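Chain nomenclature is as follows: A, B, C and D, assigned in order of appearance, with residue numbering initiated at 1 for each chain independently.
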Amino acid sequence: MAIKVRYFASLKENLGRDKDSLDFEKSISVAEVWEQVMPEQAIPDNTLTAVNMEYVTLAHQVHDGDEVAFFPPVTGG
Amino acid sequence: MAIKVRYFASLKENLGRDKDSLDFEKSISVAEVWEQVMPEQAIPDNTLTAVNMEYVTLAHQVHDGDEVAFFPPVTGG
Amino acid sequence: MIKIVSSGFDPFQEVHAYQQQQQSLAGKYGATNLFIGTMRDLNEGDSVKGMTLEHYPGMTEKQLARVVAKAGKQWDFLDSLVVHRVGDVFPDDVLVLVAIWSVRRGAAFDASRFIMEALKSQVPFWKKEILVDDNSRWVEKNTDGY
Amino acid sequence: MIKIVSSGFDPFQEVHAYQQQQQSLAGKYGATNLFIGTMRDLNEGDSVKGMTLEHYPGMTEKQLARVVAKAGKQWDFLDSLVVHRVGDVFPDDVLVLVAIWSVRRGAAFDASRFIMEALKSQVPFWKKEILVDDNSRWVEKNTDGY
């Protein structure tokens, strides 16, 4: 199964990249996605998570073709 | 002592005039002003009263040169 | 600024022009709230074809200034503009405009709403509606807006 | 209508044009509330000379649509317009516009404020400020507007 992972704003800057691709064999959670793409660091507090542009919790299970996003608190308006 | 009395909106229409002049010898209240200019009818419920363009109660004492106004609830905006 | 006007006005032009003119506002406000009251063609189930807005000249301005000053004591805003129409109006005509400029959005929303409510209960304007059958009636009471 | 724009816009022209175009609104709305968010030249005590507004294309529109739909379930309004700027902005530039048309004023005020609060906490936009010394910093958190 393949997913796209995206990063935005300060998180993107701190990581030094705006996306990753990830292949995995069995269904995993959003928290496990982070562990795979960013094994060297814990997910920052307050990080928001979305799958296919909907907010989800870290426990949400990811499926083939999903777009997973990690980003800091939003500051629009 | 002389005062001006003014009426607005539906009250003006019902009375058939928009103002009166009143002369009196001693200081009187706004309620007494109404009794003088409109002896034939009681002051309608909800009537608002102003002296010199400030809201007052019926007990307010009127002075020489004052402008007293009677009008229904306001409906602007 | 407070204005009573006896002919039609475009609220967007009014606000835009006022804002341009207040050069000290530039860069300082983060929030603007506008409330615009417009005449509808229906009220209390009846079609309305026109309306006359009566007011008490002098007292209107005095009470409006008081309402704006009261808002200014409760909330921190930078500037305000209130324009109210009087005379004969027709459906789709703008009746009232309240605009507030402030640093933060809460004050703009709160002050604008406070001024509208106070205007509707304390400032001497009266509406007389002309129905489609040419009968007319005074609007008796404004409803609460909260 | 929801619009994300990457160049400057005049909120008054936007609202005026939209309103003219929605012919079914004419005579039907009694209340319009506009909220306009504008860039200030000062934030948290520091002079700010510019800002970059990043967003998550696609999710932004989806979440904004959800926010407007939620407001529509809670309050009875006739129409709405939300415009949000992205990209490079400067002091005095308009960042966001929310406009609500309703029969009565309460719904216009409430829905406009709800949409602003929800937008600021739920819709994926991020602000990066450029200070006068050319240092830049991400705005970390929006404040509560109530």
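By definition in this document, a residue touches a chain if its C-beta (ideal position, glycine included) is under 8 Å from a C-beta of that chain, and two chains touch if they have at least 3 such contacts.
Every value quoted in this text rests on a predicted model; they were computed, and no experiment measured them.
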item: Chain whose mean Cα position lies farthest from chain C; value: A
item: Length of the line joining the C-alpha centres of chain C and chain D, rounded to whole Å; value: 23
item: Whole-Å gap between the CA centroids of chain B and chain C; value: 27
item: Centre-of-Cα separation between chain B and chain A, whole angstrom; value: 72
item: Shared interface positions of chain A, touching two or more other chains; value: 77
item: Chain C: positions in contact with at least two other chains; value: 37, 105, 116
item: Chain pairs that touch, as defined at the top of this document; value: A-D, B-C, C-D
item: Chain D residues touching chain A - in the complex, by the definition given at the top; value: 37, 53-56, 58-59, 62-63, 84, 95-96, 116, 119-128, 138-142
item: Footprint of chain C on chain D - complex, ascending; value: 10, 12-13, 15-16, 26-42, 91-92, 103-106, 108-109, 112-113, 116, 143, 145-146
item: Parts of chain A lying in touch with chain D, wherever the complex brings them together; value: 6, 8-10, 13, 48, 50, 53-55, 69, 71-77
